[in-house]
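Below, subunit A partners subunit B and then partners subunit C, in two separate complexes.
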Partner chain A sequence: MADSQAPRKAKKNPLSDGQGGLAALLISPTMAVILFVVGLPILMSIRESVFRTNEGVDPNTGMVSQGESFVGLQNFTDIFANPSLVTGNWGSIDRLLNSFINTTWFTIACVTLETILGVAMALIMAKAFKGRGLVRAAILVPWAIPTIVSAKMWGLIFAADGVMNKVIGQQILWLADGPQSQWAIIIADVWKTAPFIGLLTLAGLQTIPAEVYEAAKVDGASAWQQFTRITLPMVKPALVVAVLFRTLDTMRMFDLPAGMIGFGKYFVETVSTLAYVENNNLRYGSAAAYSIILFVYIVFVAFLFVRLLGADVVGDDEVRAIADQRKRQKAAAKASGTKAKLAKTTVTSGSASS
Partner chain B sequence: MTQPRTTRRVIAAALTVGALLATAACSAAPAASPAATGGTATAAGANWDEVGPIVYAQGKDTSGNLKAQIDQWNTENPNEKVTFRELSDSADEQRAEMIKRGQSKSGEFTVMSVDVVWTAEFAANGWLQELPSDKFSTEGFLKAAVDSATYFNKLYAMPSSSDGALLYYRKDLLDKASAQPPVTWDEMQAVCDKVLPGQSGMSCYGGQFQKYEGLTCNFAEAINSAGGAVLNAEGKPTVNTPEAVAGLTWMVEGFKSGKIPKEAITWKEEDSRQAFEASKILFLRNWPYVWNISNGPKSKISGKIAVAPIPGKTGPGVSTLGGHSYGISTFAKNKGTAMKWINWMLRPENQKQQLQKASSAPVLESLYADPELIEQFPYLPMLLKSIQNAKPRPKAVAYGDVTLAIQDAAYAALQGQKDPQTALNDLQTKLESLIK
Partner chain C sequence: MSTAQAHVSAAELAQLNKPQRDGKYWAGLIAGIVGMGFIILYCVLPFYWMVVSSLRLPSDGFSTDFLPNPASVENYIAVFAPQNMFGSALVNSLIVSTTTTLLTLVFGILAAYALARLRFAAKGIVLSIIIACSMFPGITLVIPLFKLFSGNYPGFEWLYWMNTYQALIIPTLSFGLPLAVWNLTAFFRQLPVELEQAAMVDGCTPGQAFVKVILPLAAPGVFTTAIITFIAVWNDYMIALQFGTEPQMYTSIVALSKFTGQYGFDTPWGTIMAAGVMITVPLLVAVLIFQRRIVAGLTAGGVK
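Here is the complex of A and B:
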């Protein structure tokens, strides 16, 4: 393969098989739509975030001064320069900071519990037993319910004289603004989305060949050893993607706090709901700024996932194979002290020069 | 740097763009900033002779009465057709739809059903047409309702329905103890002391204390009923006066002493109604809609309840005013038709129908004395007293911020995180910065 390299243009994309022009043409309508519905709003949000609606009221007529004025980065820096203090779970701190910590806390707590429960669900669903279909369906039902519906439903469960208090035999005011309302959110979110992790993990589990377990059994591996040495490593690619999706999704949590607990509750206010409230109060500048902060935060976390955990969101064997090949070639080149000749063709489609 | 990793990173970034979509959608609503000329349209600028089809926007018409009335108008006036744009039944969404039109200077909604607390905001932004008194007569209207549609001494909307708080009570239990419905807080306490010992699991009083708009209403009522005011006559905040503190203290003491059940901190209107029907409270502060339900065939306490005006510190209490008004968009065409239709909708016979079919309280004072209506709605005389005595919530342009500040203070005090004086001092500072 490598010896078929004719000297061509030096900077040719090694992944290209020479159909780039056609490909660009074919995806251009989609790209145009994406630019229009994603790119444009983002640019407009960024522009909006450096403006602020004028708020002054004319003392004689009562009319507000119209328009917006450019404020630079004030919408972002107000968190330090001009904090509006609220009292939530984390003491008396700025409202944006409070919602930011809430968002982070919900993400960590929810995703951790969901992962544990989800993997447990997947293990159960993967077993062959009587009534497996029924169990699978039952586990997946919560995932099929729209979040806003489950928010309202859990709102009824968590009401002062609701089912939850009857079951635990205590009078906890879940829906009041307090630490308990955070747990109400976490419970409802875990209930709804653990099946999602379960489902993706189940798909990963089913790709593990039974022979591996048989071999392990023959070698006398305990169930726990099988789980930690075989199941977990082999299911990891699927699990990491599931966790990544859930993390990004939980970070922009809106429906549950909004639908179940309500707006303006500092114990459960997330960056999304805060941006909504700001928007509702006609402060589009700060609403856009908060959305952008959340956006950057989400991109950052996604980047960390890809970087540290090697989340493979594409799952493309070809791309992975090329990467491995290049790695091997580099290592070999380093060992022999020559310049690396990198793989320049797709693996599965044969030689590109033909 | 290897190529596949870059690809992966690009894809991960593209994924997160999707995440932003959701958040961007929340904030990108009004992309165009209105030009600096808004808010200058005056009553003189409106053409009240222009007629033609118009659009009326309001929340869900659950009873179907509005559609019937509009159909009747359309048959009688085929050239001045009214189209009904039914909005969501969530008040926030209705407001958002109207604001969108206002900011883009769209006259799509000729007439809008404006909640009393939005009047100031809409008027101050120049979205509502000022209504000249020679075209719109408010004679015979409830004074409080007209006041709620007025901003800086100008009428910006015509009141269409009103609302006031009532004190519902268990007549059967009060009669058994031969007690009279209370006029003051102390009397209410005395009645409770008399009645409650024989009732297990029943508390004295309940209202709406969850952190939402209902808390603002209940808080304002407590303050006003103790002789205080959220804003004084000049529109300046006065929430840290001794009277206001006495009002909030009464609420806080209610929770502390158990007179108000603990779970009431999570109650909205419906929760409190259900608690009343489950005999968990003897007295309930709520809106008129409760009457038909709690006295209806499905209620456990049907026929056992009665209403009174809400109590106060030294005399009858002061209710918070609710209700809606018809506002005309500054940017709309065919204001002549809008004027005619609004005045037609406000005729006594239409108002009467509105009460009978949709249980929404009329704005014409005379209807509260109509014997036919009183037979059907025995609470009407009480409601009239309540509304006559009622005070509107603060007329603030930034009402969303004002009401949240009030809820912050009241909720912290009710939960015992702050004592009433501290909570109200904080609120005073906050309101002074919000209302200039």
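Here is the complex of A and C:
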């Protein structure tokens, strides 16, 4: 018996068994690169954030201080304990807090407008008329334009003598450090990214079978009911992922305020540009602390999206199947009172169905 | 195909409910055409304004004529004025973008094949790490790397990499590689697994099946990924700005953001617009030629 089992065990099916080794071999270069260019810098950032570059004159030696000293969480607590007050759109508050509120405000305003416009665009494009190719070509134009070029392009439009002021017949200094500059940035960002949301939503719309709408018509559903009861729920998975990507991208906004208005402008300063300015003033400690605050904020928002809205960002059939299988195994184990032995892979390959 | 469906359903419904359907149909058609016109204007008009402004005389910068009057290429000549160093900036952009794209493709194809085809325990974790990297704020990497590359890390002074190509390329991998892996995984998933199974039945190992069967079939996907990655790297500002501080190491994006006018603080809008057009038009041509594939690539990540 033992003899007959041994060769059978050794003879693996290349389609289903023993792929872990090959997978590790293929994936390790990528993971190594990611470890070096993402993982390591995060650890270095955390280390930097609890140090501070010495400034000023050393009282003992009378020399200009050099090096850095451990300050614990002071780079973080200074927001409350030792605020550096600036006056932006939100009154006289700490500079980091100001940039944090700016970031949040830009994110909410931009993503809301982008989503509304993007969904509207997708609905228009989904009405399959002639010329869809032309629209698709047009919609790729804002996406392909570099953000800095778009910042300068809108800078020309919003300049004091520019075409925007001539069209609306006002003399608004859009590019000066003031509340109106926030709108210049929001408009430029929405212009560039609403078509992108439109594209992703359109792809989601096209997966809805026409029969569903036919059935709804037979049941007497109005156009609005069809939109809210069929279109929105069925396009939701695609839309949630698109909005998640846009939200996280807007939260790290850097190019637009930097390229259009400039650095150190309190009305448009985001956490990214503030950290950049601090870094270039060689205050590595506070720069790293601010960037980590932004990082944690982004992770938190991503977590909310996945938990509350069920964003399936990974979108892999096999990973989903494993999760479902584990859920079933847990439930079965709970019912029978034994400890669950959770699956690590599934029998079905994720690729076949898609 | 969908137009054909619409015709069929329109004909069927017209039989059932002719007068009402007609009015609605035409109203919908007109609304659709107006809407499409709006989308095209929305997307193209600001870009058109940039092109037109770049073709004016430098002194007509804020003219609101819809066509340049008189047309002039003086702005384009001014872009290449020696103090802008725009030519070398274009070369730098090309070097950085091409190298990064090639590196990400080599690493990305291997990883994406494993993620799309092989079954292994940590797949969910690997996919999550890769997607997390693509959402990561670049500034968190740039700050410690700036300290490292400017030789301020005790013990690592030999890593003085400011104004070198490796300092522009390596940090760029942090967003280029996840992007490439993600797109390639989506493309590999779309190829029917039966092709490899057939190859393996004929005696190929999984590796041979990949090289001889999958890779040639995935070539369009690889090419699309290359374009998307190239554009992402070409458009990068933060990393190029931070690690290329000398004019001869500016990428074209950084050079554009730092154009100064002939007369001090005067913003040379015409020159900036001309440079912007030159940076953008090659990308636009590539995007429009391969638009079908690029749309497929962009949506593959977000939609299942």
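We take it that the second predicted complex is superposed on the first by the 284 of 354 C-alpha atoms of A that agree within 3 Å, B and C clash if a C-alpha of one lies under 4 Å from a C-alpha of the other, contacts with A are read in each partner's own complex, and residues count from 1 in each chain.
Simple rule for what comes next: a contact is a pair of C-beta atoms (placed from the backbone, for glycine too) under 8 Å apart; a residue touches a chain by one contact, two chains touch by 3 or more.
These numbers come from a predicted model, not from an experiment.
J.: Overlaying on subunit A: subunit B and subunit C, fit or clash?
T.: After superposition on subunit A, which the two structures share, subunit B runs into subunit C.
J.: Quick check on the superposed pair: does A:F196 touch subunit B, subunit C, both, or neither? Answer first, second, both or neither.
T.: Second partner only, subunit C.
J.: Could you figure out whether subunit B or subunit C reaches more residues of subunit A?
T.: In the superposed model, C touches more residues of subunit A.
J.: One more residue to check, A:D161. First (subunit B), second (subunit C), both or neither?
T.: both
J.: Per the contact definition in the header, classify A:R326: touching subunit B only (first), subunit C only (second), both, or neither.
T.: first
J.: Mind working out whether A:T87 is in touch with subunit B, subunit C, both or neither, as first, second, both or neither?
T.: Once the two structures are laid over each other on A, A:T87 reaches subunit B alone.
J.: So in the superposed three-chain picture, is A:L232 touching just subunit B, just subunit C, both, or none of them (first/second/both/neither)?
T.: neither
J.: When the two structures are overlaid on chain A, which partner does A:A215 contact: first (subunit B), second (subunit C), both, or neither?
T.: Neither partner.
J.: In the overlaid three-chain picture, which partner chain does A:I145 touch, first (subunit B) or second (subunit C), both, or neither?
T.: In the superposition, A:I145 contacts subunit C only.
J.: Thinking of the overlay built on chain A, is A:Q19 touched by subunit B (first), by subunit C (second), by both, or by neither?
T.: second
J.: Just checking: does A:D255 make contact with subunit B only, subunit C only, both, or neither of them? Give me first, second, both or neither.
T.: second
J.: Is there a shared patch on subunit A that both subunit B and subunit C touch, and which residues make it up?
T.: 14-15, 37-38, 41-42, 44-45, 48, 159, 161, 248-249, 251-252, 254, 271-272, 275-276, 279, 284, 287-288, 291, 294-295, 298, 302, 312-314, 319, 322-323
J.: Okay, in this complex, where on subunit B does subunit A touch?
T.: On the subunit B side, the touching residues are 2-5, 7-9, 11-13, 15-31, 33-40, 92, 95-96, 99, 120, 123-126, 151-152, 210-212, 262-263, 265-267, 271, 275, 278, 397-398, 400-401, 404, 407-408, 411-412, 415, 417, 436.
J.: Could you list, by residue number, the parts of subunit C that touch subunit A in their complex?
T.: Residues 2-3, 5-6, 9, 28-29, 32-33, 35-36, 38-40, 42-44, 46-47, 49-50, 53, 61-62, 64, 107-108, 110-111, 113-121, 123-124, 126-133, 135-148, 152, 170-171, 173-174, 177-178, 181, 188-193, 197, 200, 205-207, 231, 234-235, 237-238, 241-242, 253, 256-257, 267, 269, 272-273, 276, 279-280, 283-284, 287-288, 291, 294-295, 298-299, 301-304 of subunit C touch subunit A in their complex.
J.: Given the complex with subunit B, which residues does subunit A contribute to the contact?
T.: 13-15, 37-38, 41-42, 44-45, 48, 51, 55-57, 61-68, 86-87, 159-161, 171, 173-178, 248-249, 251-252, 254, 262, 264-265, 271-272, 275-282, 284, 287-288, 290-291, 294-295, 298-299, 302-303, 305-306, 311-314, 319-320, 322-323, 326-327
J.: Please give the residue numbers of subunit A that touch subunit C in the complex, ascending.
T.: Listed in rising order, the residues are 14-16, 19-20, 22-24, 26-27, 29-31, 33-34, 36-38, 41-42, 44-45, 47-48, 120-121, 124-125, 127-131, 133-150, 152-157, 159, 161-163, 166, 191, 195-196, 198-200, 202-204, 206-207, 210, 214, 237-238, 241-242, 245, 248-249, 251-252, 254-255, 258-259, 271-272, 275-276, 279, 284, 287-288, 291-292, 294-295, 298, 302, 312-319, 322-323, 344-346, 349-352, 354.
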